[in-house]
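This report refers to the structure that appears directly beneath it.
Which chain is which? They are A, B and C, in the order written, and residues in each are numbered from 1.
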Amino acid sequence: MEQFLQQIASGLANGAIYACVALALVMIYVSTDHINFAQGEMAMFSTYISWQLMTWGLSFWVAFILAVVFSFVLGVIIERAILRPLHNAPVLSIVVVFIGLLAICNSVAGAIWSYLIKEFPSPFPKSSFGIAGVIGPHQLGVVMVTLIVLGLLFIFFRYTPLGLAMRAAAQNPQMARLVGVRVDWMLALGWGLAAAVGAVAGIMVAHIVYLDPNMMGGILLYAFASALVGGIGNPGGAVVGGFIVGVLENMVAYAGNQIEKATGIYIIGNGEKLTVALIIVITVLTVKPAGLFGRVVVKRV
Amino acid sequence: MAALLEVKGLKAFYGQTQSLYDVGFEIPDGGITTLLGANGAGKTTTLRAICNMVRTDGTIRFAGKDIAGQATEEIVRLRIAHVPEGRGTFTTLTVDENLRIAAYTRRDKAAVHADLERVFGYFPRLKERVQQQAGTLSGGEQQMLAIARALMLKPRLMLLDEPSFGLAPLIVQEIFRILKRINEDDKVSILLVEQNAALALDLATHAYVLETGRVVMSGPSSVVKNDENVRKSYLGY
Amino acid sequence: MPAFPKKLLWVLLALAFLVPLLHPLFPDVVSGYRLFLVSTMIIAAIAVLGLNLLTGFNGQISLGHGAFYAVGAYTAAVLMDHLNMPYWATLPCAAVVCFIVGYLFGLPALRLEGHYLALATFALALAVPQILKYRWLEGLTGGVQGIVLNKPEVPFGLPLSEDQWLYYYCLIVMVVLYWAAANMLDSRSGRAMMAIRDQYMAADTMGIDTALYKTVTFGISAAYTGIAGALSASAIAFVAPDSFTIFLSIKFLIGLVVGGVGSLAGSVVGGIFYVLVDNSAQALSLFVKNDLGLQFDLSAYTVFGILLIVLMYLMPMGIVGGVYLLMRRLRALRG
């Protein structure tokens, strides 16, 4: 039983990470219809920035905030400089540009910080935090930090004029222009926020998966699965989807483990996590493309 | 009195196709002007051209300033409110948010609140539905919302594209009555594009008739109304 | 896109067959290593050709062709390792297996367009190394360790070195596959494929069985790339899961984009190009460090990434497409 609870708790911690990256993906998707394949690598890059700042002597939280701000600025710059001029380009061109960004982030991080795996600290106190036997201090901390970030974002989008303008620009850009919203800047701002949320996820997960330039590959795949489960056009859905997928992932591995114990036959385990995500992605895409909470959007031909 | 909006030699293009050739007109400050014409004559395009939503060429002066070529959002910030065809509702936002987004560019927050109350005075039905998702409103309510939203910009000029389209006659009457009040009480100049020429000519002081992207006739409404060709082509008697 | 000039094609082909024989004359220029390098370029060209059939000619985006390359490579390796199958016989087997896998993946892909298909294939590419390590397959695939193979032996007592033979072997396979692709594209089916790319709805209403064409194209495309994978297994004499990461698929994409989306000749150029950059990365890095004085380990992927983005701005049709466009403009200027 205790093991089961542990699995759920660690699933929630992973889910919090997936929720953040999925939300970042969805934020870009709803405003531009693009799927940012470089989201994971951008987050990885920001995580290295925070690591670098810490090795220069800054405390964890100062490095955290600086890295998140850096990501925000980087996101805005990427949107304005690289994607804006291509906004009418065919899908293939956009996809290719994202893959190009992915390759650049990954290889530049490797060039600057090498491909050696690095330890990454946890900012949460080891003794007084968490519930013994159920949830570890870092896992609890991750869930709390991501919930705070998600809450702040919710308040921003729901209750501030700027957040409202960003939602309006995403929903109906032409009409948003007609009420004086500078839509181009709203998209760039959305990119910045998405990059910042991704950075939060990267910095939080680095203690668990260790820091290396390929650390986000699997997480990005899970974030895709989460965004799809929640409905790729639905920010709230992406967050819930993240937690669902996080718990599901651990439950599948746990069930596989139990089956192996009972019958001695290995079916599925930790080694198949990415395969599980792949199956979720393809199943949702083909069977229920609108996700669990999404609306079906009829595309005009 | 000087013209609020002055358009000269306006051309507009959709891709390679030209849809306006040399359109020119003036809107007096405080008046209601209407553009008449058959389908495809270029009425909607003219409105879109004023807000730089299509590729245009020519002079557009608003309150004495040349605005041609400026970005749509910057033109809107000069307080030109465009109520587009199909109403342009933000369907996933609430009625309240649809109204507040229009005041996004305004800095006079106290006045915004007062304007909200006044808008609700014009359209009490919107007040009842203030927390409802705008996409769930009826057609008439969405048209009211579109006009209300335009008012929240505190406009000097309102561009209205087919406000009667697809609505029941009673609702159309109500909307036109409110438009008249908006013009008289709030001193908003109006440029109205309308299929229903009889209605438009009753409301407007001036009228321009467009045919295949050119102005073919203009004058005070009373004169245009009694023109033989206009009567036959647009009024149907 | 205009066809590649026939005469030039024959000249190039003749050169390709004759150059290795110059080894005794210029042992340093036509070295064994260089021939091996060119062989890997040919393999890359075939893989990119496969991707181009799907993405360039049929309009279905794939970011996961590394998966089919892996399936081809492993099919060949397993057959050679477990059944002692001769290396040349593995090619048709890899083609069939990859066709089936590609066809099956093409079925769900029918419901996906544009970004979504890119997403599904991207997910596939990310998951491939892990699938290859699956415990039940370990007996066949050798798990993380992979499979070590033998290099192809020179047949019929031909007076060739191993590298020379490998080169001829790859070259013959490519010529046959290129010829088959060119013929297919020139046929009714090929025009249907491209009609689907250009006007999906219209093709459907014209009575083209779009579903069939799209899935079969997926299969053929996977088979081409799979054959390239099988060739690479023989050439490198080794397969392991971690050679088939997302970055392999990115290399194919680079080949596709550099050469030209929807150009057969471009696929060859693209394949050659990415191997060339990949192999010059060290030299490039040294150049940056020593000659430019920058302390930066420039890797091939930085070059690839920048190229991908820059090309989308400057030459969205790829280098071959861009050259054609330039030639046409020049001709228009003159005449």
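Just so we're on the same page, contacts are C-beta pairs under 8 Å (C-beta built on N, C-alpha and C of every residue); 3 or more make two chains touch, one makes a residue touch a chain.
Fair warning: this is a prediction, and the values are worked out from it, not measured in the lab.
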Starting at chain B, how many touch steps does it take at minimum to reach chain C?
-> 2
Interface with more contacting C-beta pairs, comparing A-C to A-B | A-C
Average the C-alpha coordinates of each chain, average all protein C-alpha coordinates together, and give the chain whose average is closest to the overall one.
-> A
Between chain B and chain C, centroid-to-centroid distance (C-alpha), Å = 57
Indicate the whole-number Å distance between the mean C-alpha point of chain A and the mean C-alpha point of chain C.
-> 32
Distance between chain centroids, defined by C-alpha means - chain A, chain B (Å) | 43
In their complex, what parts of chain A are in touch with chain C?
-> 33-35, 37, 82, 85-86, 89-97, 99-108, 110-112, 217-218, 220-221, 224-225, 266, 269, 271-275, 277-278, 281-282, 285-286, 289, 301
Using the touch definition up top, name the residues of chain A that touch chain B in the complex.
-> 161, 164-165, 167-168, 171-172, 174-183
Which part of chain C faces chain A closely enough to touch in the complex?
-> 55, 61, 63, 108, 111-112, 114-116, 118-120, 122-124, 126-127, 130-131, 133-136, 201, 246-247, 250, 253, 257, 261, 296-302, 304-309, 311-313, 316
Chain B contacts chain A in the complex at 51, 53, 71-73, 76-77, 81-82, 84, 88-93, 97, 100-102, 104-105, 149, 153
